[in-house]
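You will see two complexes here that share subunit A, one where it goes with subunit B and one where it goes with subunit C.
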Partner chain A sequence: MFHWLEQRPFFFAVVLFLTVAFAGFIEAIPDFAKASQPIAGLKPHTVLQLAGRQVYIKDNCLSCHSQLIRPFKSETDRYGMYSLSGEYAYDRPFLWGSKRTGPDLHRVGNYRTTEWHENHMMNPQSVVPGSLMPSYKHQFTNMADLATAYANANTQKQLFHVPYDQKGMPKLGSWKEAEAAAKAEAKLVAADMKNQAVKDAVAKGQVPEIVALIAYLNSLK
Partner chain B sequence: MKKMVIGGIILVVVLMAATFFIAGDAFQGDDYINALTMLGALAIISITIATALKYVNQIKNDTATGELADENWDGIGEYKNPIPSGWGLIFIGTIVWMFWYFFIGYPTNQFSQIGQYNEEVVENNAKFAKVWKNPSDETLVNIGESVFLVQCAPCHGVDAEGIDGKAQDLTHRLSKEQVLYTIKNGAQGHGYNAGAMPPMMATGADAEAIATYIAGGMKGEAPASFATCAGCHGADGKGMNGMAPNLAGYDNTLVSKVLEHGKKSSIGTMPSFKGRINETQTKALTKFINSIQAGE
Partner chain C sequence: MQSNAQIEYDYSVVRLFTFATILFGIIGMSVGVIIALQLAFPELSNLLGEYGTFGRLRPLHTNGVAFGFTVGGIIGTWYYVGQRTLKMSLSESPFLMKVAKWNFWLYFITILLAVVTLGMGYSTSKEYAQLEWPLDVLVVIWWVLWGVAMFGMIGMRRERAIYVSTWYYMSSWLAVAMLYIFNNMEVPTFLFSGDAPSSIMHSVSMYAGTNDALVQWWYGHNAVAFVFTTPIIGMIYYFLPKESGQNVFSYKLSVLAFWGLMFVYLWAGGHHLLYSTVPDWMQTMGSAMSIVLILPSWGSAINMLLTMKGEWQQLQTSPLIKFMILASTFYMLSTIEGPIQAIKSVNAIAHFTDWIPGHVHDGTLGWVGFMIMASLYHMAPRIYKRELYSKSLMDTQFWIQTTGIVLYFTSMWIAGITQGMMWRAYDEYGSLLYSFIDTVEVLHPYYTLRAVGGTFYLIGFLMFAYNMFKTATAGRVLDKEPANASPMAS
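Our next item is the complex of A and B:
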């Protein structure tokens, strides 16, 4: 029996691969198919939040912050309810992160406020003594890229069927409508902020990066 | 050979002793994982050394014997060398187990990560309730401080003074500006039986007098206009047993209501901490906040 196998190494390798692959397949697929469905009540990000998400990616927040709360008491005590796969269904790309130099941010919108983020981004040590985080002052003067955020949302809608423009979901509409909606949303965020330069810019119809980023962080719940 | 065996035993003992010397304190406590790890390390070291000795011995003393198999490759033959029967049995056993695991074991297993988490939470809550059943005041202050440093300090600051006005200064109850702001704007959504406080219940000099009186710690004679406040907050300003917020100090009702409902005030917005801080911890926070009140 073994002589017969020894004489057919290619056949043996293929059969071995199929056997191992089948085992992995039947363990992974059923769970994956179920868990990757969006959870009830999940909404895709608005254009302003997506612009903030791009700031989050651009300034590389995810190399120090995760967005994935594991089901351990020690984590849920600090960060809130553990994360479910379905919560990331509309995230492209997902921002789970793999390293926590800073704390997890998956539900930071539940326990931090606009004012806090504003102080923290300007000077992290002013609110968290001894913090390692650098300050992100440039976010107060750089403008967020709403056009790319709109393109991002529109691509997700067309290509991946993310449910924008459906009943009870964020409205996307045309670029003009989306731009106006994002600027209106930015005004709501800026109303809670203290930095006069940012408030003036938003009043003029501009959207500094910090406003978009705070809108995104507040949406993480 | 004898020398090698003795050397091997000495090496095992030295390695184990060194590990115990470096990490021995990890065995204190009720966590059996460390002991299990140590046992594993002992097994690995002993098996490695025993195996090495066996083969060194074999290389030294063994000669080739046995019956040659039929195949030979360019004159190089192979002894008939059947697999050890124990190994063969385990191999066949594994195949049988595979069918069981494919069709019965895996599909019907009851393990769930979330179930394990739920058990952990129940166990932890029971332990928490048992350990902190009747905590002394000192223990409560310590618990309160720990909770404060994790949950509250990011906004209120490690010294609880509110980081230069970015959040409520918890070493004082109310400042004059805060009282004036609330009198002017009213207050709502804090979850008290007395309901919302309407704006503009007092104005001008009356409001000034009330604010000065409350910010001063409610010492001495109350101004006549305070009667408006006393209707809900009580003549002593302590909130009539939880009907309305306590104006004189931080009591348990005030702390738990603010944690539950959050707060929007002249300073900014505080998010709700509902479900994040349990009853004992709330009580502990109240004790801690009271322990750091600034004196006269």
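Our next item is the complex of A and C:
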């Protein structure tokens, strides 16, 4: 049979494709629907938090940080309750990461504050001597991309039926409404910060990346 | 066989890919050395503002070496091996020639654009699939072009049966096409931006959370399989017998190992997600199938080693054979190491640690890097019609790089296991013994050692580039193509 196939490249390719592909379908299909169910009370990210999540992706924090707490005592003692599938139901893309050069961040919102992040992101070594995390000064001057965060949320709402604008869920509305809401939320975060340039920018209606990022980190619980 | 003499193989595309492979190898590996240094000396992360941080540079490294260097080497050697084993020349078909040229230029442009966009922070965040949607579209186009060229060339063949190498190249083309498309299913968000001035580059994944992870690692694991493994096996099946003048040890073993590998590989993806929130049966399956994977992997490696039966003295006389045999040995090392890491109890310690990059690099540096360099060396006297420039340089390169690899993976083994053990250590009162920063600081010497090892490897690669450059421009001109062992000046 193999000799026969080797002289008929077309059939060879078909058999080859089926051999390779079928594992994927068997693995993916049965649990796909189940794994996408949100746990009770889960809310999608606000536009400001999503903008922060985009900063997290842009600066690729996941190259050093995981967001997946495994069910071992040593992990739950360090990071809190182990992660559940339903907690990730609105995460597009998922941000589990694959390496912990730094600690897991899935529940960092439970034990770090805005003020702590502000100092740490500006200069990690000043807060945790011996840290090898880069300093992220540029996030204090770059502006967050709220418009793309809005488009991101709206795509999820329209296409994937993520429950924005429903009862008890974050409001999205039009771009103008969403922008105003995000800026108002940014003011609350900036109130706990002390960097004057950031405070000034927020007062003027701008949103530096660091504000959005901290809003996102605070939402990780 | 006699028709062989009349075919004038056309190597113009092969030469282009050879150039690009070396160029992207230098760029990708230099960035590798930089990020290795950054973990040892973190101040280095802040030299270029946001553009120089570890997080931004890491995808430049992985994409540069995987899609620039490795894929360049794969497609380049395909146009060489394909013509020769199918007994056809690209110059016989102006159409295929054009397709092959477009294949090259689009690939080249994509990698350059990847460097720019990843550097600017446009990323989907998924490992080995970071490129944003416009680049994904480009990738799909040149991948399809490669497929057209491949099947077109097969259609024009004079040799009835297709050779083992072609099976492997073909599997790589098919599988990557499928995996890449499914994993990169994403929607550009500007389509739903209303009147918000949003970025055109941004897209959102069609899958969420656990599903997204599942698809990603189904892809990620198999990107390793069909970029770093199968096409490289295709290379060794051609270049080792050719360079040594030996026949492949066993046809039966080739067939078994090939179909075995094809059948098992995709099942093993679950081993990236052990103890995560994907269903248990998938984790168990991933773990078990990873062990089974040893068989077909070692099957082809042993087949290659036994091909040298009775001719082992060539290891002393030819640095090229040395590269290939050591490559095969490293392949055996990493395909036993991977399954060990996939055992659930081992994975509990190994996952998230530096042992994983350690494992990645004994495979990529020892197996992928060595095989690609050896293949380019073998092709050089044929595509440039010149003698290889320096054998002694090649020998020196071999030892420097081998030392580099050993430093790399031994330091990461120790680092990974140290880290994994410290994270889970408890004191006598039942509290965690180490704070996280303790487990960071203890790694400094190993990170330093890894950077040294990586620097050795990079120096060796520069020697390779120099040797190739001198071969192409200053090697002694050959009046006829060598049959087997590549001619080299001492």
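Brief remarks follow.
Methods note: the second predicted complex is superposed on the first by the 186 of 221 C-alpha atoms of A that agree within 3 Å, B and C clash if a C-alpha of one lies under 4 Å from a C-alpha of the other, contacts with A are read in each partner's own complex, and residues count from 1 in each chain.
In this section, a contact is a pair of C-beta atoms (placed from the backbone, for glycine too) under 8 Å apart; a residue touches a chain by one contact, two chains touch by 3 or more.
None of the values given here were measured: they were computed from a predicted structure.
Legend: residue contacts after superposition of the two complexes on their common chain; A:128 is shown touching both subunit B and subunit C.
By the touch criterion defined above, A:23 reaches both subunit B and subunit C.
By the document's definition of touching, of the two partners only subunit B reaches A:192; subunit C does not. In the superposed pair of complexes, A:64 makes contact with subunit C only, with no contact to subunit B. Legend: residue contacts after superposition of the two complexes on their common chain; A:78 is shown touching both subunit B and subunit C. In the superposition on chain A, A:96 makes contact with subunit C only, not with subunit B.
Of the two partner chains placed by the overlay, neither subunit B nor subunit C lies in contact with A:163.
When the two structures are aligned on the shared chain, A:151 is found in touch with subunit C, with no touch to subunit B. Contacts of subunit A with subunit B, set against its contacts with subunit C after fitting on chain A, overlap at residues 23, 27, 71-72, 77-78, 128-129. Within the complex, the subunit A residues that touch subunit C are 2-3, 6-7, 9, 12-13, 16-17, 19-21, 23-24, 27-28, 31-32, 34-36, 54, 57-64, 66, 68, 70-72, 74-75, 77-78, 83-85, 87-103, 125, 128-138, 142, 145-148, 150-152, 154-156, 158-160, 174-175, 178-179.
Against subunit B, the residues of subunit A that register as touching in their complex are 23, 26-27, 71-73, 76-78, 80, 82, 110-116, 119, 126-129, 192.
By the touch criterion given at the top, residues 38-39, 42, 45-46, 49-50, 53-56, 58-59, 121-127, 151, 154, 160-162, 166-167, 170-171, 174-175, 178, 182, 187, 189-199, 202, 204-216, 218, 255, 259, 262-263, 265-267, 269-270, 272, 275-279, 282, 285, 348, 351-354, 356-357, 419, 423-426, 431-432, 436-437, 440-441 of subunit C touch subunit A in their complex. Touching subunit A in their complex are the following residues of subunit B: 102, 106, 113-114, 116-117, 120-121, 124, 150-151, 154-155, 157-158, 163, 166, 268-271, 273, 276.
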